[in-house]
Structure formats: C-alpha cells, structure tokens
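Every chain is named by a letter (A, B, C, D, E and F) in the order it is written, and numbering of its residues begins at 1.
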Amino acid sequence: MNDFIEDKGEEASESYMNKVEVLLESLPYIKEYYDRIVVVKIGGSMVEDDSIIQSALNDLILMKYVGIKVVLIHGGGKQINELAKIKGIKPQFIDGLRVTDKDSIEIVKMVLIGNINTKIVSLLNTHGNLAIGISGNDGSFIKCHKKEYEKDGKSVDLGFVGEIEKINAGFINNILDKSYIPVIATLGVDDKGNIYNINADTCAAKIAISLNAKKMILLTDVDGIMESTKSGDKLISKLTVNQCLNMIKSGKIKSGMIPKVMACIDSLKSGAERTHILNGTKKHSILVEIFTDKGIGTMITGTEVK
Amino acid sequence: MNDFIEDKGEEASESYMNKVEVLLESLPYIKEYYDRIVVVKIGGSMVEDDSIIQSALNDLILMKYVGIKVVLIHGGGKQINELAKIKGIKPQFIDGLRVTDKDSIEIVKMVLIGNINTKIVSLLNTHGNLAIGISGNDGSFIKCHKKEYEKDGKSVDLGFVGEIEKINAGFINNILDKSYIPVIATLGVDDKGNIYNINADTCAAKIAISLNAKKMILLTDVDGIMESTKSGDKLISKLTVNQCLNMIKSGKIKSGMIPKVMACIDSLKSGAERTHILNGTKKHSILVEIFTDKGIGTMITGTEVK
Amino acid sequence: MNDFIEDKGEEASESYMNKVEVLLESLPYIKEYYDRIVVVKIGGSMVEDDSIIQSALNDLILMKYVGIKVVLIHGGGKQINELAKIKGIKPQFIDGLRVTDKDSIEIVKMVLIGNINTKIVSLLNTHGNLAIGISGNDGSFIKCHKKEYEKDGKSVDLGFVGEIEKINAGFINNILDKSYIPVIATLGVDDKGNIYNINADTCAAKIAISLNAKKMILLTDVDGIMESTKSGDKLISKLTVNQCLNMIKSGKIKSGMIPKVMACIDSLKSGAERTHILNGTKKHSILVEIFTDKGIGTMITGTEVK
Amino acid sequence: MNDFIEDKGEEASESYMNKVEVLLESLPYIKEYYDRIVVVKIGGSMVEDDSIIQSALNDLILMKYVGIKVVLIHGGGKQINELAKIKGIKPQFIDGLRVTDKDSIEIVKMVLIGNINTKIVSLLNTHGNLAIGISGNDGSFIKCHKKEYEKDGKSVDLGFVGEIEKINAGFINNILDKSYIPVIATLGVDDKGNIYNINADTCAAKIAISLNAKKMILLTDVDGIMESTKSGDKLISKLTVNQCLNMIKSGKIKSGMIPKVMACIDSLKSGAERTHILNGTKKHSILVEIFTDKGIGTMITGTEVK
Amino acid sequence: MNDFIEDKGEEASESYMNKVEVLLESLPYIKEYYDRIVVVKIGGSMVEDDSIIQSALNDLILMKYVGIKVVLIHGGGKQINELAKIKGIKPQFIDGLRVTDKDSIEIVKMVLIGNINTKIVSLLNTHGNLAIGISGNDGSFIKCHKKEYEKDGKSVDLGFVGEIEKINAGFINNILDKSYIPVIATLGVDDKGNIYNINADTCAAKIAISLNAKKMILLTDVDGIMESTKSGDKLISKLTVNQCLNMIKSGKIKSGMIPKVMACIDSLKSGAERTHILNGTKKHSILVEIFTDKGIGTMITGTEVK
Amino acid sequence: MNDFIEDKGEEASESYMNKVEVLLESLPYIKEYYDRIVVVKIGGSMVEDDSIIQSALNDLILMKYVGIKVVLIHGGGKQINELAKIKGIKPQFIDGLRVTDKDSIEIVKMVLIGNINTKIVSLLNTHGNLAIGISGNDGSFIKCHKKEYEKDGKSVDLGFVGEIEKINAGFINNILDKSYIPVIATLGVDDKGNIYNINADTCAAKIAISLNAKKMILLTDVDGIMESTKSGDKLISKLTVNQCLNMIKSGKIKSGMIPKVMACIDSLKSGAERTHILNGTKKHSILVEIFTDKGIGTMITGTEVK
C-alpha cells in the first residue's frame, strides 16, 4: 500500500503556500471589480503578434472568471493598410486624415470583422464558449452619421468615417447577461445602411459611458504618456483631466495619443472612475494594473488621487 | 370648408379593393406559417447583384412582419474567388474539391463575415433594427471538425473544410426570441479555435433540423431540378425523397445540385415538412412560394403530396 | 416521371407576381402598425348581417396576424329592441333618451353578452383560438356609476345607464399579452354589483385612451360625416377637432353622429394619433383604411394633416 | 380621559372567545384545502332565489379568502324554459331529451351567459374584483362536437347538444393564477364555431378532472341520494363507486340524479379524492361540508372510507 | 346497505350551522387583512410557558392560513438572566440599564437565537414547513451601531447594545414571498461583525415601518395601558399619539411600558394604521383583536378613532 | 510636474509580474470549479481559535469570489462540552456514544446555532453581506428521526441524536441562487418539532449528495489518514473506497475518523467526484487543495486515480 504514500518535501509546500498567499492578496482587488464592467480596447497591432494577443486574451479570461464583466473593443489599422495595398488602393490623406472611400470601407469591414474580430473570438472561445463578435452593424447597435470635417473653412469629404450618435447599451448588456464577452469591431451604421469606420479609442469611451463602466483601459504599444526629462523620457504615472488638457495645449501630448487622452477624459466626465493607457505589448500589464497596487502605464483621473 | 372634401372616383376604389382582397387571400398562408421557423439559404451570387439581393431581403422582411421566424443562411463562393485571385492565391483542387489552405480560410472569413454577412445585415437593418450577423465562431455555436476525404483509398487533406458536429440551437433561438433575424455565415470552429468553411447548403439543413424548422428553402440561380424532354428542359415541380435518390443514382441530378438535394433530404428525414429549391434571382420567388398556391421551383417532400 | 412536370403558362405567373407585389406594397403599413393597439368599434346592426360581420371579422383577423393588437368593442341596439318587444317591454323615452329600467337592463345583458358577444367570439375563433369575450362586469374592469341627467333643471332617472369612472387597462392588456383579441360588450358595473349599459362609442374612446391606442376606428352604417352641397351630399374625408366642434355647434353634425364625433375628439385629446368613422357595411373598409393610402370615411385628427 | 375607558363585561368576552375558538377549530380544514382546487357546480334553480344564491356565493368567497382555488360552474334550466316560452318556442322532446334547435341554442346562450353568468359574476364582485365570467366559447376552451344519439337503432338529431372533446385546463389555470374565480357557463364550441349546450354536471366533472381538483361538489335542490326505508326516505351519507353503479342498475338512483352520480364517478376515476352531492338550497351546506366533520349530503368515494 | 345511512339529529346540525356562521362573521376581517403584513412582537416571558406560546403560535398559524403575512419578532429577557447567572456573570447596571459586555452578548446570542428562536420555529413548523428563524446577523439585514448613552454629560459605555441604522426590508420580503413566516431574533450587526442586542419593541417598530405593515401588535404580560381610578386600575382601550405623549410626560406611563408606547408611536408616524399593546398571556387575545370587533388591550392610533 | 513621475525599479516590476503569473496559474482550477458547488465541513475546534477560523473563512471568501458556490457546514463538539459542564450536566455515555438528553440538546442548540453559527456568519459578513446562518430546523429543511441504537440486542435510548431522512435541497439552492453562502448548523427536526443533533460529517455528506456537489471537503485537526511506517506516521494522500473499507476492517482507520471516511464514501457513491480530509488548522490547506496541483491531506475517490 506504500505506493500511494506521498512525501513531498517542505520546500514544495512552501512554494504552494506562497502561491496561495498571492491569490489571497488579490482578493481585495477581485472584490472591488466583482460584477463591474471593465471596457478594454486593444490596438490592431497587438492582434498581429500571436504571442502578445494570446497572452492579453488569457489575462481577460482570468478577469472574466473572477467576476469582471469584460467588454473588448479592437481596432485594426495596420492590417487594413496591407490589404488596401494588395487591392491597389492608394491611400488618400487630407490633413493627415485618411479618406475612407467606398473601396476602403469594404476593406475595413473585411479586416476588422472578418479577420481581426473573428480571430479574437476564436482565441477566447478556446477557453470555453465565452465570446461573441459584434460590430455596430449588428442590430444597428452603434448608430452614427458621416463625420463632418472642415479645412480652411470648407467642408471636406472624409468618406465613410463616422461620428457616433447613439449606442444601444441594452444590446451589449444582453450579451453580458448571458455571460459572454462581447468583442466589438468599431463600425457604425446610419439609417440608410451605410457602414462607417469609427475611431476605436473614441468608440471605447462612448461604450464605457453608455455601460456605466467602472474602468476603461486603452492598451496600446507605448508605455503611456511620457515626459522628456534631462535623463531621458520618463513615464508619467498619474494625470488629472486638467493636467492632460494643459499638456495637449502645450503640445506635450500629440498626434495619436490625443484621441486616446480625449477618450479617457470623455469617459471620466461621464462617470468612469479611472481610465488607463497601458502598454499592451508588455506581458500582463492589464492584470498588474487591475490586481496589484502597482500603477503601471498612465492613469488619468477626474481629480488628483494619492 | 370645401377644400377637404374628397371625391375619389369609383375606379380608384376598385383598385384599392383589389389590393385588400389580395391581402386577404394571403391570410391562410400567413396563418400556416405564423410563429414557425423558415430557414432560407441564399447563394453568394445573389448577394452581388444589388437589385436581386435587396428584393430578396425585402421579401424576408415581409415574412418577418407577418409573424414568420426567418433564419437566413448565406454562402459566398464567387466573391471568395475574386479576392483569392487578387491576393495571388492559386486555387488547388482535388477531385474538383477546392483545397482550403491557411491563406484561403483567411479570405473566406474576410469575405463571408466581413463583406457578405455585413452587407446583408445592414440592408435588413434599413427596415428597422432587425438583423444580427453571426458565424459559427460566435459562442462556438457551430462546432465542427476537419472533413476527412479519401481518394483512391488514401486520406487527402482538404485543409480547413469542416464537417458539422453540433449546432447549439439555443444560441439561434435566443436571437429569434429577441425578435431579430439571425444572418448566418457558414463557418464552424473546433475546440482548438480553428475555423472551417462549411458547405452552406449542408449547414442550412443542419440548422433547419436543429431548430425544428417548418420549411427550408434553398435559393439558387437555377429554377430548380430540371428534366430534359423532347421539347427542351422542363422544371420538375415536385419530387419525393426516393425519386431524388433515383435521379442522383441515374445521374439526372448532378454536381452542385447534389449537395442541395441531399440537404433537402437530410432535413426532411429529421422532421421538416417541405423543402424547396427555388431560383432566387427571379423576383419574389420566395413570396410566391410561401404566400400563394403556385408551387414554383422544385419542392422535395418525404412522401408524395398532391 | 412526366406526371409531376408542371407547365404553368406565363400569364398565371404574372398574376401571382401581381399578388405578391400587392403584399409588398402593404409592408410600410404593416410596419407602422406592428405591435400597436387599434381599437375598433362595430355597431350592433353590422352583427345582424352574417355576410357583413364575417367579412369585417375576417379583416380583423388579418390585422391580428400581421402584428396589430386588435381590441374589438361592440354595441347592439337593434337586437335589444327586438327582444324587448317580444318580452312586452314598452320603450320609455325622456328627451329621446331611452330609459333602461330593471327589465330592460336584463334584456341588454342577454343580447349584448349572451347573443352578440358570443357570436363575434365564436366567429373569430373559427380562425384559431383567438378571441375572448368580456364585459365590464368581468373582474369589474369597467367601473361606472349611474349617469345623471337633468331636464328642466330637475334630475331625471334614466335607469341603468352608466357613466364610466375607471377602466382597468391591465385587465385588457393581460388578454392582449396572451395574444387573444378581447371582444368587449359595453357594460359597466358599480360597487354594489349593479350593471349599467354604456354608450359603445364613448366606451371605445375611454378604452382607446386607457390603452394608449394608436388608432380608434368607429365602424357604422354611414360613410362618415357628410356635407350637403348643391350636387348632393358629399363625404368629408378629413376634419380637425375644431372643425368638428364648429359643425356640432352649427348643427351640421347631429343626433347619433354626435357621440361618435365626441368619442373621437376625446381619444385624440388623450393621445390617439388618428380616429376614423368608417362605413362598416362596405366590404373591407377597415383594411382599405389601414393598409392603403386611400383615406375612406372621415378621419378626425387633432390638427390639420395633409 | 374617562371616555375612552372600556369596561366590557365578562360575558361579552366569553362570546368573543367562543367565536375565536370556532375559527381555530376550522384550521385543520383550512390547511387541508389550502391552495387546492375545488370545483363547485350550482344548479340554475339556485340562481333564481336571490337569498339562496347570495348566501351560497358568500360561502364561496370565504373559501377563496382562506386559500381555496374555487372554480364555479353553473347550469340554468328553468330560466331557459321561461324565455323559450316567451319567444314562443315549443319544447320538443325525444325520449325525454330536449331537442336544442337553432332558436333554442340562442336562448340558452342569452340566459346562461347574458343573464345567469353575469349575475353570479356581479354578485361575487361586490366582495372585490374577484370573478371573471367565461363560457367554453372564450378562447374555445371547451371543444366539443354534436352529441350523437340513437333511438331504435337510428341516429336522432338532438340539435345543439354537445359532447366534450377537450378542456383547455391552461385557460382556467391562467384565471386562477391571477387570483380570480372563474365562473363557467357550460357551453362548448366546435371547430366551425357552432355553440353547443353541455350537461352542467358532466361538464363540472370534466373540468374537475382536467384541473386535477381535490374535490368536486354538485349543489342541487335535494339533500343527496335517498333511500326509502320503512320510516320514510333517508339520506345516504356515503357511497362507493360500486354501490352507486349497483343502485343505478337496480333503479334506486334514477333520472336527473344519474348524470350527477356519473359525473362523480367520472372525476373519482380520474383522481379526485372525494365528490359530493349536496343540497345547495340549504344554508351554508357547502361550508359545513368543507369546514366541519359533519358529512352532510351524499359523499361518493372511490373506495369505502370510514 | 343500512350501515352507511347516517341520522344525525337536528341539534347536531344546529351546532354545525353556528360554527359556520362564526366563520362567515370573520369574513370582513379576513378580507381587510388579506395579503397585508402584520408585525407581531412576543415577549420572552411568553415563550417560557409552553401552553401560552403554543396557543399564541397557533393563533398566528390561523392568521397565516387566512392570507395574512405574519412577521414574528421576539425578545428573551428572563432566560438570558438565568443563563447569565449560571455562567456567573454579575449583572451591571447604569441608570437601571443593563451593561452588555462581551460575555453577556454571547449569552444573549445563545439564548435568543439558539434557544428561543429555535423553539418558536420548531413549534410553528409542526403545522407545516412554515417558519424560518433569522437574526439581524443573517445577510447583515439589520445594520446597527453601538448605542451612545450619556450620564451627567459624560459618555457611558453600555457595551453591545445597538441602535438600528438600516433594515434590509428586501431580505424579509424574500422570505414572505416564499410563503414563510420570518421569526426574528432582535440582534443587529455592524460593519466589523460585532453583534449587538437591540430592544425588541423598538426593533418591531422599525421592521413594521420598513415593511409598510398594516398593523403592529406588541404582546406583553399586562393587559395594556392602565389608568388608576377610584374603583381600581382600569384598562384604557384607546389612546392617540398625543394622549400617550401626555401620559408619559405626566408619569402615568412609565418604565418598561415607555419603549412599547414609543415603538407604537414610531410606526404610526411612518404609516402603520393601528398599533396594539395586548396581553399575550391571555388566550387568543391576538385573534380576538384581529377577527372580532372587540378591542381588547390598548389600541394606539395617530388620531382619535371611534 | 515632476512630483507625479514614478520610477519604480525593475525589481519591483518583477515581483508584480510573479504575482500575476501565480494568478494565471490558478486559472485552470478556477475554470474547473466555476459555478460548481463545493461543500466544506469545518470542525468545532477550528472555530475556537480566532486566527484559524478567520484564515479559513478568508479562504472560502476567495473561493466564492472566483465563482465557486460554497456551502459551509460546521460542528461544535468542544464548546458544547464546556457549556454542559457549566450547567452541571454530567455526560452519559453508552458504548462511547454521548447520550443527548433534553437538557443536552438545549445546550447543543444554544452553542451550535447561537454561538458558533452566529460567529461564522458575522465573520463572513465582514466581507460583504455574504452569509446566512441556518439549521435543519429552518423551514424543516433537514427532516430526521431518532437514531436507533442497539446494544447487546437491546434497543438503547441515545436521546436526541438524529438520523437524516430527507434534505430539502431546494431550500439551500434558494440561498445559493441569491448569492449567499449558507452556513449550516447540523440539527434536524422531526414532524413533532423535536430537534436532534446530527453527526456533522454525515450531514455534510448528505447535503453534498442532495446538492450534487462537485467536491466535499472535511476540515479536521489532523493531516488526513495516516499510516504507521518504520520511520513514523506518514500521511496517505490517496485512497480508493475499497482501500478505505479494508483499512476500517483491519482497524487501521478508527474512532472519529470512521464517520469522516464513511461520509466521503457515501457522497462518492452518490456522484461526488472527489472528497478530501484536510487539516483545517494548517493555513490555507483548502486553497492549496483547490487551486494547486498539490494534493494535501487525504483524497478519497471512487476508483484509483493517477
């Protein structure tokens, strides 16, 4: 009967004990987020690197299993460019803004919905039947209209670039209530059935607002908002809305970071408690943010916090 | 007060009366299908022609509004070929069967989900927020495995071509219960997250069976099953399962028509009452089939009917 | 196998196509009324003529099957008179108003509930188990009190003629929610269990108001509100509330038409969008009104419409 | 402050105590019937006498308030005859069975539904909004067909006399679940909308069976089943099914009592625990039966009980 | 067949009839309380005498079965003292208020929950599975904090004596909705998990208020509020809030009666219709109060009633 | 702006990363137990030591927050003895079995429900309103009868020691469905309201069976089942049912361990997958068992597992 006597050394036990204690340390964070909505936006570039996206989705699965209602939003810039190139579409820009003509929006749809969204959903579903892919076209849940743009006082046609009018939060909540993770491609639709591309950061903010989310996290490929110091660039870990607005005005926050920061400010103004810009290409950055007291990336809050 | 006195002639009245009488003639058909599920499969070629697809979808909208639970399934052959060509993928065939390699399945996903499914959903939604696009990847609701194929007694690799294992009917019923039309791209998924292309006719049959549908209609671009007679080809309007099997054996039904006929036979064996192969490129063929006593196309039934 | 080859001529096809196109023309109207409540009042005289009532009920069945929540209200004047005569009750009138004594109200109950309501319900139910007959006595859902009437400054006893105090809309909605058509005999009840006759037009208006109905239609045996012109009487197809009030004041609308018009005005003031006085004895007048753009009868609206 | 000092004598107190003790004695009976269905059939003759019917309904109200689900079924023989006479309809009989021709069924409907049912409902509703009047015509909840009758080996036409095919128990349960007392006029309907008169005792039994009622009570105007003894007729308080069948065979139970006894036997065979034939014209007979250990009337049981 | 002929004499019948008439006399009271909440507080001393408590609980069972939602609250003074004595805890008093130290609250818990509550629940459950015992500790449904007390301008520590902050009425309603009688031990809990003893009369009032109870009855061991007159002490049967306040001011109401009277006043101010102080040791006092017009004990009302 | 620039060293980051990776390692275990029921029995001795019980309950809270439905069952031997001693009750034993007379069961109730159960509930509730304390007396959810015991062929009276007849699983499931942790004192009740003490291990098994629990864990104060070897006692980490039965027969498992082992065998036979006997006084033993692959304590399974 000796064969089923186990004699694990003390060291082994200690290591197990350490593991369990780490779990217990996470309990206050688990409680804090229990049954609350967290909106996570991942950039298109993250999806391309299999090891990065699988790791990030694994993190989200953990979040779901400890009771967080995760809403996943994704963009898809880079892949769109590639397909456009193959199909021989020459990118047209006005003031640095891409003009999305009829052919381009077709490519956007194919890449965002057919390729990226599908990939994310299938990866999540390897953990169980957990995810449903949707775009604003489904049930017309993101209603938008053509974005108006002016250059030199004249209206300029950006093509199928949309501005969100209304989010049907009930549509997303139905999916959450059935315990699925909604994976959202950021397309909207108007009353005539035209489909528009929407900035994914802005879309994440509007969705976070409509769902009364506890937290919005924008995963990108930089560490957060940086400040140049004598000893090189340094990450700023906390900013208030006012500090952000000043940094935009003074040009310290610029280009692609501006819509991210504005998305954060938007959702903070409408009730989100905290928003974060994190480097999604660094392993487990989102878990470190949620389940430890280490504030990585840049947190933007309504008012200064300690 | 004279201005609001109307004096429409008798002729006008007569025309209105005729209209109303046509409506009333449709009542028995409306009753018959009320609250029952009808699975409609439309071929990819129909989607390309805007006037055809809009007309067909308009027909489905009418069906929905008079109380039929419509489930729409679509393929997408032709468009897939075009994109493959652009991306420089050379079609490979074994016994006339397309080999769907890794690049090809990416194209299938982009076209089926990103392009065709999205287009159908947005067209339906111009009539209200009526439709939701899904593929078997969403919630993994179509589970499948790699289709095994043998040639000369040896197993041959067809790539990402799937064979359905299980349909989660509850997933579709949830959508129907919320009064949406599910628009289904025929992709399935295995436990490892691999996505497979599935024959759309076969998929329609499996879905019709799982939903206990009253009727399955396959819309294609021919009038139905034809028979060559001295005076030329003639449409056969009714066939029993046995007659179909004989015609396949004798080679009178061949190639692309075989999976359609087999799909019909499959769903008949599992309880569907009638199945139909109609020409979807002819205007309103589906409405004529449902709402009049004119049997257009070919109806296949379990046993002979008068 | 020749026996199941069909060869319908082109003409036949054309006729079927026409039918289907008429169906599609009705789609906008079906959409407009989908899931909305329409209150229809039919006069007692319509019920006597089997061909008229069967045709009218057939129309309502169609309305129900295309998604309209139909509430049917009926009166029953003529049949009441006949039975009273048989039972030897001499009609008594004060200012032209019938005095409803104890014997008379018994006859009203027997005719309205036992005869007319039962007949309508059984005719509707031949189309499925669709209708439930109720009167305000059931669950006391129409609470009323004795109508007070003055003549020459003195109170006059009209007997069991009631004035509605309160409608329990939940009672009717329960029936609608279970997909039945409520068929309502216009009797009310007071706290002591006395049953009163109520003017059916007035009752229809109060019910339309309590249910927040989209439309109220009063079916009668004249074409609508008429205006005498040199070339004879002409139907007025549209009137505003103000125009109606003026015509009552000037005596152009009189006697039995007054309560109908007042019922329309009442329900318009409380939110109904449009009200109609139609000739129910003309075939399909209600369907022409609902499903075509032909405005038959007289439409009364809150403000002028084009 | 003296004015609000009460000084009730001991005697008064004693009387109150007695009352309360009677209430407590009824507790075991209340428990036994709590939330169970009791089907009560009252004869038409009872309804005519205001003091009898009001007292009987008062008893039922008490039953309802102590948690019994009461289903009330009524006939209406006598009043039907009276109205028939007035309308000049000559009663026709075959083998003592009334032939219900087209005119007669109209009278049955008017009296049963318009007069008797309405009266019972309004009397019950004076105790709150407790009752809803229905007949088998409503929602076609009692489906029946023409009763076939043979005389001398030849089929004889009894007119609109129905035989029950199917009771939709769900229809009645919906009413009970909303805490109403269903008051049922015993008419049935066939698929063509013809309305038939049904024997009320038989109907009560079928309804008791379909509802899985705990008890069925037939209230009539005799004390129960009598036996002639030397010292005159005596009430038999308990009978088994077999004893009943013997007494019918031997002619001791005859004419109008036979359908009552057969109704009891029917519902006993289908699961009712006990059935009773009571004299409804005697005050509170039903309460004495339910709430005391005094077995008045005749109880019929499946097997002998002590 | 003679053996089943019964011949009960007339006298017997008369007695049964009397019983039934008593039942009917209670109908108006049953109606009045149907589906309404009555909060009953019984003193700890009542629980000690088996015959008293069993009789009182029997009364509550009757109340439950005739449709009253009974909420039972109990104290437990005497038994607590006894156990304290056994465990050698010396009672400490400040201004006549017992100081509840750590050992004492343990005894309170053991007696109130382990002994008294358990006993009441098991006695009720002999009538069916009717009762669930809870204390404010369960689901923390009574939140409280340490009661602050001042003596000579200085704060004095009374130990674990609690003051109610918040009652979770939903917690009790869940129990009532599942048709159970909640039996409540009057302990509360603070956020740190400390358990406090709460005055049972005060607790009953707070619970009555939170549940919007129709009536609160405090059962004690005296007949109510007494007034001394020349001819000895007399019970005052009715008092208004103002009269009570005056009597407290003038010292006519004193000591243990004060919290009872204040509890009544509290719940009257928050919407209870009537409150009663009854002698629970007198048999059926609660039933006499509820089901007869005899006002025993003292009724306290917001304003004078006749 | 320098003040909000953070510069945490790399080491810090590494430690956070380690934590997060431990969390991720637990994901497979979390998935496995998600939404499944785990029944945990803690011994009375554990409750006495504040640091042990708080640590154990903390573990359970974590389990609850990661989606496990925890059912907590407790005994209370030691404390019962102490109070008995104080109250002067002399323990009586028959064959080493304690006789639970009337006084003793009172003490059991006071300690188990009033003291231990209340303490556990209040400690759990400091983490939110998470727990509800119940005993089998509440809603009579554990029905039992007096345990029969024979000595020398003669029946011996053990007093109020109960044997479970029936567990009302719905009662516990209601509590779980409302997201509470049921904390169960192991008392049962018979139809006459007598309360019995039940062996807590046996009770845990019966409850695990009735709830179809995934796992039952018995926490005790020894490490599990031991085997004496030359080098001293060693823990046996895995046993099959058969091995256990042999060890009982051969006397290697004895006294207090026997009911524990039998409880495990019982619940294994009725569908539990695995059962465990763990040392609850060792920190986090339950978490190590659930969330790591280290099998501490003794696992008993139906058949041998690797």
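Definition applied: a contact is a pair of C-beta atoms (placed from the backbone, for glycine too) under 8 Å apart; a residue touches a chain by one contact, two chains touch by 3 or more.
It should be emphasised that the depicted structure is a prediction, and the values quoted were computed from it without experimental measurement.
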Message = Strictly by the touch rule at the top, which chains does chain A share as contacts with chain B?
response = none
Ask   = What is the distance, in whole Å, between the centres of chain B and chain D, each centre taken as the mean of its C-alpha atoms?
value = 57
Ask   = What is the distance in Å between the mean C-alpha positions of chain D and chain E?
value = 43
Inquiry  = Give the residues of chain C touching no fewer than two other chains, as numbers and ranges.
reply    = none
Query = How is the touch graph of the chains shaped: line, ring, star, complete or other?
reply = ring
Remark   = As the complex stands, chain C meets chain B at residues 1-2, 4-8, 12-13, 16-27, 30-31, 34, 58-59, 61-62, 65-67, 127-128, 227, 229, 234-239, 243, 283-284, 287-288, 291-292, 294-296
Inquiry  = Which stretch or stretches of chain D touch chain C in the complex?
reply    = 83, 86-87, 106, 109-115, 117-118, 121-123, 125-126, 129-135, 137-141, 168, 174, 178, 180, 187, 189, 191-195
